[in-house]
Amino acid sequence: MDRLDLTVPAGSFFALLGPSGCGKTTTLRMVAGLEEPTSGQVLLGTEEITRLRPYRRPVNTVFQNYALFPHLDVFENVAFGLRRRGVPDVAGQVRRMLSLVQLDGYDRRRPAQLSGGQQQRVALARALVNRPRVLLLDEPLGALDLTLRRRMQLELKRIQTEVGITFVHVTHDQEEAMTLADSVAVMNAGRIEQLGTPAELYEFPATAFVATFLGRSNLLAGRVTGRDGDDVLVEAYGERLSVPVVRSRSTSGAVLLGVRPEKLRLVTSMDEVPAGHQSVAGIVTDAAYLGTSTQYLVRTGWGTELTVFAAADGEARPVPVGSEVVAYWHPRYAFLLDAGTDPSGGETEPSVGSAGAVPVNGVGPR
Amino acid sequence: MDRLDLTVPAGSFFALLGPSGCGKTTTLRMVAGLEEPTSGQVLLGTEEITRLRPYRRPVNTVFQNYALFPHLDVFENVAFGLRRRGVPDVAGQVRRMLSLVQLDGYDRRRPAQLSGGQQQRVALARALVNRPRVLLLDEPLGALDLTLRRRMQLELKRIQTEVGITFVHVTHDQEEAMTLADSVAVMNAGRIEQLGTPAELYEFPATAFVATFLGRSNLLAGRVTGRDGDDVLVEAYGERLSVPVVRSRSTSGAVLLGVRPEKLRLVTSMDEVPAGHQSVAGIVTDAAYLGTSTQYLVRTGWGTELTVFAAADGEARPVPVGSEVVAYWHPRYAFLLDAGTDPSGGETEPSVGSAGAVPVNGVGPR
Amino acid sequence: MTASRSGRRRRLLPYLLAAPGALWLVVFFLLPAIQLGATSLYDPAGSLTSGYAMTWSFGNYPDAIGAYWVHFGRSFGYAGLATALALLLGYPLAYAIALRAGRWQNLLLVCVVAPMFTSFLVRTLAWKTVLSDTGTLVGLLRDLHLLAPDGRLLASPVAVVTSLTYGYLPFMVLPIYASLQRLDRRLLEAARDLNARPAQVFRTVTLPLSLPGVVAGTLLTFIPAAGDYISAELLGTPNEYMIGNVIDAAFLVRLDYPQGAALSVVLLLVILALAVGYLRRGGAEEVG
Amino acid sequence: MSVGHRFWRWVADHWVLAVAALVLGYLLLPVAVVAGLSVNRPSSRLSYDFAEFTLDNWRDPCAAPGMCGAVLRSVQIGFLATLVSTVLGTLLAFALVRHRFRGRAAANLLVLAPMATPEVVLGTSLLALLVAAGIPQGFWTVVIAHVMFCVSFVVVTVRARLSGMDSRLEEAALDLYASEWQAFRRVTLPLVLPGIVAAALLAFSLSFDDFIVTNFNSGTTVTFPMYVWGANQRGIPPQVNVVGTAMFGLALLLMLAVRVRWRIPRRRPARTAPVRDRVGGR
Amino acid sequence: GTKGARQTAASCVSEDLSGTEKRLLFSNWPQYLDVDEENEAKRPTLEAFQSRTGIQVTYTEDINDNNEFFGKVRPQLAACEPIGRDIIVLSDWMAARVIGLGWAQRLDPARMANVGRNLLPSLRNRTYDQENVLAIPWQCGLAGLAYNGRVTGEIRTVDELLTRPDLKGRVTLLSEMRDTIGLILQADGHDPTNFTDAQFDAALEKLKRAVASGQIRRFTGNDYAPELAKGDIAACMAWSGDVIQLSAEDERIRFVAPDSGAMLYSDDMLVPNRASHRAHAEALMDYYYEPAVAAQVAAYVNYICPVQGAQAEMERIDPDLATNPLIFPDAALQARSKKFMTLSEERERAYESKFQQVIGG
C-alpha cells in the first residue's frame, strides 16, 4: 500500500470506487482487521484500532461473495455475531433485522436454498444486526444480474437511511457508486485519486483517470497559452479554446481539456453555434441508437474521435453518418487537467481503437 | 418450451434478450444440438438439423463462461475444432484468427494465464475459426466488469462486421443488446414477446414486458373512450389523453398508456406546456444525479410516481425536490398497450417500492 | 494479550498441529524403515536363536536378488497387469458414476467402497469359491469350450491377477471418480460443439483432464498390488508366488531376517523409483 | 431416421453404462457369494459348497469358536486406530493446508510416504524394529501399526475437504466477533466434519481389513482377518460370511447415512456467472 | 545387531496360577480331537474332563504348520513373554527345537501317573526329553498319500503324484520338509533315517522339477483337508488320521501308505514358558493318558495312539478300529514307516533353506 488517507464522514454512505485489482478489497480488509497494514494506522473516530483483532472491532463486513455459513440456517447466520458477544434477546433482534431486509419467514432456510438477492440480504442482515459503527460492503452486488442489482441498490440505500450506520461500499461499477453514495472516493493502483460527492467528481474530475473512469470524457491534448480574465486560454490542435480558471486543475504547460459527451451539441454549420460557445468541426463516423440517447462519433480534422450523446428527448433530429458537423460546448462545462496524469487507469488490456493517446473516451453511465 | 418461432436473418447480429431463466440458454443449446427439443424443428436455411448430433452442425458457440480447455494452450484451444474436422493448414488459420482477435503472441499461454477479456477473445476465436454458418454467443460478456464489457462489446461488433457470420447473441443486459444488435428478440418465460430493430422495440414496444424490460416506461392504466381522427382517446385517472392510432397496440377496452421517462419534460405550470402536448401535474419527490442526466420522481395527484429523465446537457435547470411541477409529452411519443399483457416480467423478488401495480418502471439504459 | 505473545503462539501453532502426527510417522514409519535397512546388512550367518551381528553385509543384496529375481519380475508383472486391468475396468465405472449416474451417484459410490469392509481375505476366499475347479464358472467355461475339459482357473496366473485387480479396483475408481467429478461438464459440451465426436471428446478433453486421477489411481493400485501376497497364496501355486510371499516366508517361516529385510528394501526402492519416474512423465499434481 | 440408426445411437450413448454395470457386478460378486454362504448350512465342516439354506449362522454367529473374540478385537483395534489416526491426521491436515511453515514440504513427504510403501514393507520394517528393540508384539503393536498407515489416508481425505473450504468463511466468523477458537469450533469444524467422518470411516475400514501389516506385528493376537486366515486352513466356518456380510451392510448404511446427512454440496466449477435470482433447490 | 533368543529356567520364570484360575488354554492342530457326531461344537472327552475337574478349557485349532506356528510365537517366547497358551502341540523335531531354546516348562511326573504308566515304550526317554517331563506325545501319525476318488483314479506311489499329467495342478505336498522329502527319499529307495546330502539334493531336485512343471498346486500344512474333500485337489501328501476321518464321510477319499514307505512322526504336548496353568495342563495330559479316554480320541481322530492299553479299550468301542494298522500299527506297517533322521543345526538350516526356496516362500 502506498500512503492511503481516507476520511469517512460518520453516518454517511461512502463509496470506494476503482478498477479491478486497485486495492479496494485490501483497504477494506485492513479496516476490518483481516489484514495488517505494514505501516500506517486505522482510526475509528479518535480510537486507534490498527492492531486490534478483527473480533474486537466494532466493524462488520458484507463479503464480496457473501461468505454465508452454509451449515447454518438464515436465522443462525444472522444470530452468529450476537451469540458470540453473548447479547440478550438474540431472537428478537434477529427477527427485527430479517424483517428490515424483508426476509421474514425465511429463517429456517439454508443459504443454498436462497436466490442470489436473498443471500445478499442475509449477508447484510448478518452484519447489520451487530449495529457496528462502520459497515463495510465489498462489492455486495457484484454477482447479481443487472435487473436485480438495480433493485438491491435501492434497497441498500433505503436500509442505510433507516439505520444511519456508516456504510463503506466498495464497487468497481461507477454507476452504482454514483447512484448510492453521499461521497465517493475513486481509487487507482492503491491511491485515492479523488474524493467528493458524485456531482463534484463527475462535473469537475481531478485527474484524467477520474474523468474517464467515472463517466466518459472527451479529452483534448493542448497547452496553456495564457490567461484572459477568469479564463485560461488553451491551444489544442491549432484551435484556440478557453476554460474558466475555477474549472482548471492546471494553469500552465501541457494540459488536457475535457468535455463530457452529453455537454456536446451537434449542428451542421459554424453559423449555428450560439455565442459564447466553443466548437470543433468534424464528420460523423458512427451513430448508435441507445434508446434514451444516440451516441455519435465525430472525427475531427486532426483525426481523433469525439463522443457526443444526443438525448432522445424528442427534439433533436437524427444526424446521418457521414455528415459534416460542428460540435460545440459552453466553456463552463469544460474542465482542464494536468496532462501528466495518466489517463489509462492502470488497465492492462490492449486498447481497442488505439487511435493514439488522446483523446481518451472512458466509459461510464450515459 | 412453448412454441418458439425465431427467424434469424443470415449475416446479421441478432440479440436474444430476456430476464434470467427465461430460456435463452435453452434455446441456444437446441440450436447447437446440445439439447433436443421435445417437439418442433430447428432449421438452418432450408436444412433441418433438429436431430443432428452437435458435431455435425455448422454452428459454434461461445459459452457463458468461455469453457476454454484448461489443459490446452491458446493455440490448441483455437485449433481444436479444425483438428477434429481434419482440415489442412491448421496453424495458418489459427494464427490469422488470433490476430483477428488481437492475441498474436499469446498462443503458448494457458487459459489460466489470461485475463477475463483475453479469455473471452480466445473463446471467440475458437468458435469463429471454424467459420460456422451461425455463431451462438451465450452471455459471453456476463462475467466481465463494466469497463471491460463495454470494450469487448465494440470488439464483438467489429469482428462480426469483419467476418460477416450470423451472430446470435444471448444476453440479459438490455443495453448490450441495443448497442450491438441489428435485430433484437425479447424473450419472456419461454416465449418471444417482440422481435425487431432496437429502435422499433424501444420506440414502440409490443407489450408491457418489453416496454419495461427494454428501458423504462411510465405506464398509465386507462380505458379507451373513443376515436378522434387518427387518435385514440384514452381516459386515465380522470385525465383525458390521446395516442395516435399508429402507435396503439390496442384500440378498445382497458389499456396502458406508455411514455418513456426521457420523453417527459418538467415545467412549473400548466401555462408553459406547449401546444399539442399532453400533461399531468404532480410534486417532485426525489431527484437523483446520474451524471449524464438527473432522474426525477414525480408523484401525481392520484398517487403514482412518474419517472422523468432530464438530460444534463447544460440547459435544464435543476428542479428542487418538493416543487409542484407539470410533466408534459408529445402524444407522438406515447404508445398504447393492451392492459392484459403482464408487466411483471415473471420476476419473483418482492418488489421494493411496491406503490401499486401501475405505473411500472422497468429498469434500463438511460 | 500482547501482540507479540499471540503472534508467537500463532507462529508456533502449525508445529503444534503437525507434531503429534509427524512424530508418530517418524517413530513408527521412518525409524522402522531405517531399522529395516540395518537389518538387511546383518550377518547372514546369524539366526534369531543365536542373535544377529551387524557386519554391513552388503552381499545380502546380490544374494537375495539372485535367488528371487524371478519373484520380483513376477510381482511387477502381475501388479502391472492388474493395474492396467483395473484402469480399463475402473475408468468406465468411475466415468459412469461421475458423469452419468445422476441421482444414483451416491449409492454407486458407496457400493464401490462398501466391499472394503467385507474383509479382503473373505472376498479373496469368495473368489476361490467362484473360480473353484468344481464350481459353476469353470463348469460353464468348460461346457462352452472356453476352457479345456481339465482346464482350471484357480491356481493359475489368471486367478491371481483377477484377485489383485479386484482387490485394488476401488483404489483406482475413487481417485478417477474424484477427478472426473471435478471436471467442468461445460468443457465437454464445448468440445462437442467444436465438432468433436464422442470418442474425440473423450480422448481430447475428458481423459487429459482426468489424468491426475488416473495417475493417483494407478499408483494406489500398483504399489499395494506389487507387495500383495494374499492373492498368490490363496489362489496361486508356487509358480505364481510373488515377492510378498517370499518376504513373508523369510520373516515368518524361514526366520531369515537379513534376507527378508534386503528383499523388502529392494522392493521399496524399486517401487519408489518406478513411482518417481512415472510421476515425472505423468506430471501428476499429487497422490490421493 | 431409421430404427437401426437409432439403435446404434442408443448403444453409443449407453455402452459405458453397460460396462460400468458389469464392473460393478465384478466388484460386488464376491460380496454376493459371501452373503450367499452366510445363509448356507455346509454339508460338512470342511465343505465350502452351497448345500442348504439356513439362518442359523445369523442367529448364532459366535458358534464358530474364537471368531467373535477376533471380531471384537478387530473392532477394538479399529476404534482405537481410527480415533488416534483421525485426531493426528486431522491436526496434520490443518497444519498442511492452513499454514506455511518451515518443514512443511518434509511433513508432506512424510505423510505421503507410507501410502507409497507396500504393506509388506511397512509390516516387516516395524517387525524388524520391534525385534531389534526387544518389544513383544501384540494388541498394542497392531494398534500402533494401524495408526501409522491410517494417518496418511486421513490427512489426504481431510485435506481435500479442507482445501475445498472457503477460507473467507473463517474470516467472516472473525469479523462477526468470533475468536479464533470460536471460529474453528463454530465454522471450520462443522464444515470439515464430513471430511473427518469420511476419513474416520476409511481409517476404520483399512484397520478392520488389514491382514498383511497385522500378520507381521500381531504376535499371538488374533484379529478377524488373522482368524479368517487361520480358519481357512481348517475349513471356514460359515459364520465368517455372516461377519463379512454384516460389515458390508453396516458400511453401506453408515456411508449412505453420512452422505445424506452432509449432502456434500456438489462442488460447482468456480462460479463467475451471474447468480440466478431463483430459489435454488437441487 | 540383535541378541539371541535362548532362555533358561533362571532367565525366564513362569508362575503357576492354577490355584486361583480354573482355566486352561490348549492349542492344537485341526482334526486332532474327538467331536460329537451330532453336534460339531461339542467335544466329548474334553467336556468330560471339564466336568470332572471344573477346569474351563479353551481349545483352539490354530496350529497348521510347525514352522508357521513357530514363526508366530517366536518373538514372544524369545522375549520371555506369555503366548496366551498353556499347552501347544508340536511335532517331535519342533518340540526338540523349542526345548533346546529353553522355552518349555518342566512338568511334574508325580502329577501325571497315567503318563508314567501308559506312555508307549518307544516314545519314552527320547533324546530331547530324556525324563519325559517336557514333551508328552499327543498322537503319532503317518505322512503318506491321499486322493479323492471322485476326481481321480487310484494313486499308489509318490512318483505318480509328482509326474502324472492328469493330476497336473491338482496336487498338494506338505510344507513340512521332513514329510515331503522323507517320502521322496523313500520313493527313491533311500532311508530317511540315514541319508546323505547328495540324496537329499536329488530328492529336492525331483521336487523342484515337479513344481516347475506346474504339477504342484501348493505346499500345505493341515489345510489340504478342505480342498481334498472338495475335489479341487485330486491327490496330495497327507497325514493318516485326517484322511481316514474324511473317508468316513466320503469313502472315495483314501489314504495310501506308499509301498516305498511312509513317514512316522509324533506330535507332542508342551507347556510353553510363562504359561500360567501348568498344573491344569498336567492334569489334562494325565487325563488323556487314561486308556479309555485315549481310545475314545483314537476312535475319532484315527491317528496312532501313544497310550498303552488303549487298544484293549478300543475293542469295546469299535473292534474294527482296534485292528486297523493305521491306528495300532502292525509289524508290516511298522516296517514301512520311517522316522526322519535327527539333524544337526547346520544341516537343518541348510536343508530347510533349500527346501523353502523350492516351495516358494
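The first chain written gets the first letter, and so on, giving A, B, C, D and E; residue counts start at 1 in each chain.
Keep in mind that, in the parts below, a residue touches a chain if its C-beta (ideal position, glycine included) is under 8 Å from a C-beta of that chain, and two chains touch if they have at least 3 such contacts.
Here the structure is a predicted model, which means the values were calculated and not measured.
Asks: Once you count every C-beta pair in contact for both, which comes out on top, B-C or C-E?
Replies: Here the pair linked by more C-beta pairs in contact is C-E.
Asks: Taking every chain's C-alpha mean, which one sits closest to the mean of all protein C-alpha atoms?
Replies: Central chain is D.
Asks: When the C-alpha atoms of subunit D and subunit E are each averaged to a single point, how far apart are the two points in Å?
Replies: 41
Asks: Report the inter-centroid distance (CA atoms only) between subunit A and subunit D in whole Å.
Replies: 54
Asks: Just curious, how far off is subunit D from subunit C if you go by their C-alpha centres, in Å?
Replies: Those two chain centres are 15 Å apart.
Asks: Could you say which residues in subunit E touch two or more other chains, in rising order?
Replies: Touching at least two other chains: 2-3, 72, 230.
Asks: Which residues of subunit A are in contact with two or more other chains?
Replies: 115, 117, 145, 148
Asks: Which residues does subunit D have that touch at least 2 chains other than itself?
Replies: 48-49, 131-132, 232, 236, 269, 274, 276-279
Asks: Note which residues of subunit D are touching subunit A in the complex, please.
Replies: Within the complex, subunit D touches subunit A at residues 166, 168-169, 171-179, 182, 186-187, 190-191, 265, 274-281.
Asks: Which residues of subunit D touch subunit E in their complex?
Replies: 44-49, 63, 65-66, 130-132, 134-138, 219-220, 222, 230, 232-236
Asks: In the complex formed with subunit C, which residues of subunit E make contact?
Replies: The contact residues of subunit E facing subunit C are 1-6, 67-68, 71-72, 74, 78, 101, 166, 168-170, 211-212, 214, 216-219, 230-232, 349, 352-353, 356-361.
Asks: Quick check on the complex: what are the subunit B residues that touch subunit C?
Replies: The touching residues are 32-34, 53-56, 59-61, 63-65, 67-71, 80-81, 84-85, 126-127, 130.
Asks: Mind listing the subunit C positions that touch subunit B in their complex?
Replies: 184, 186-187, 189-197, 200, 204-205, 208-209
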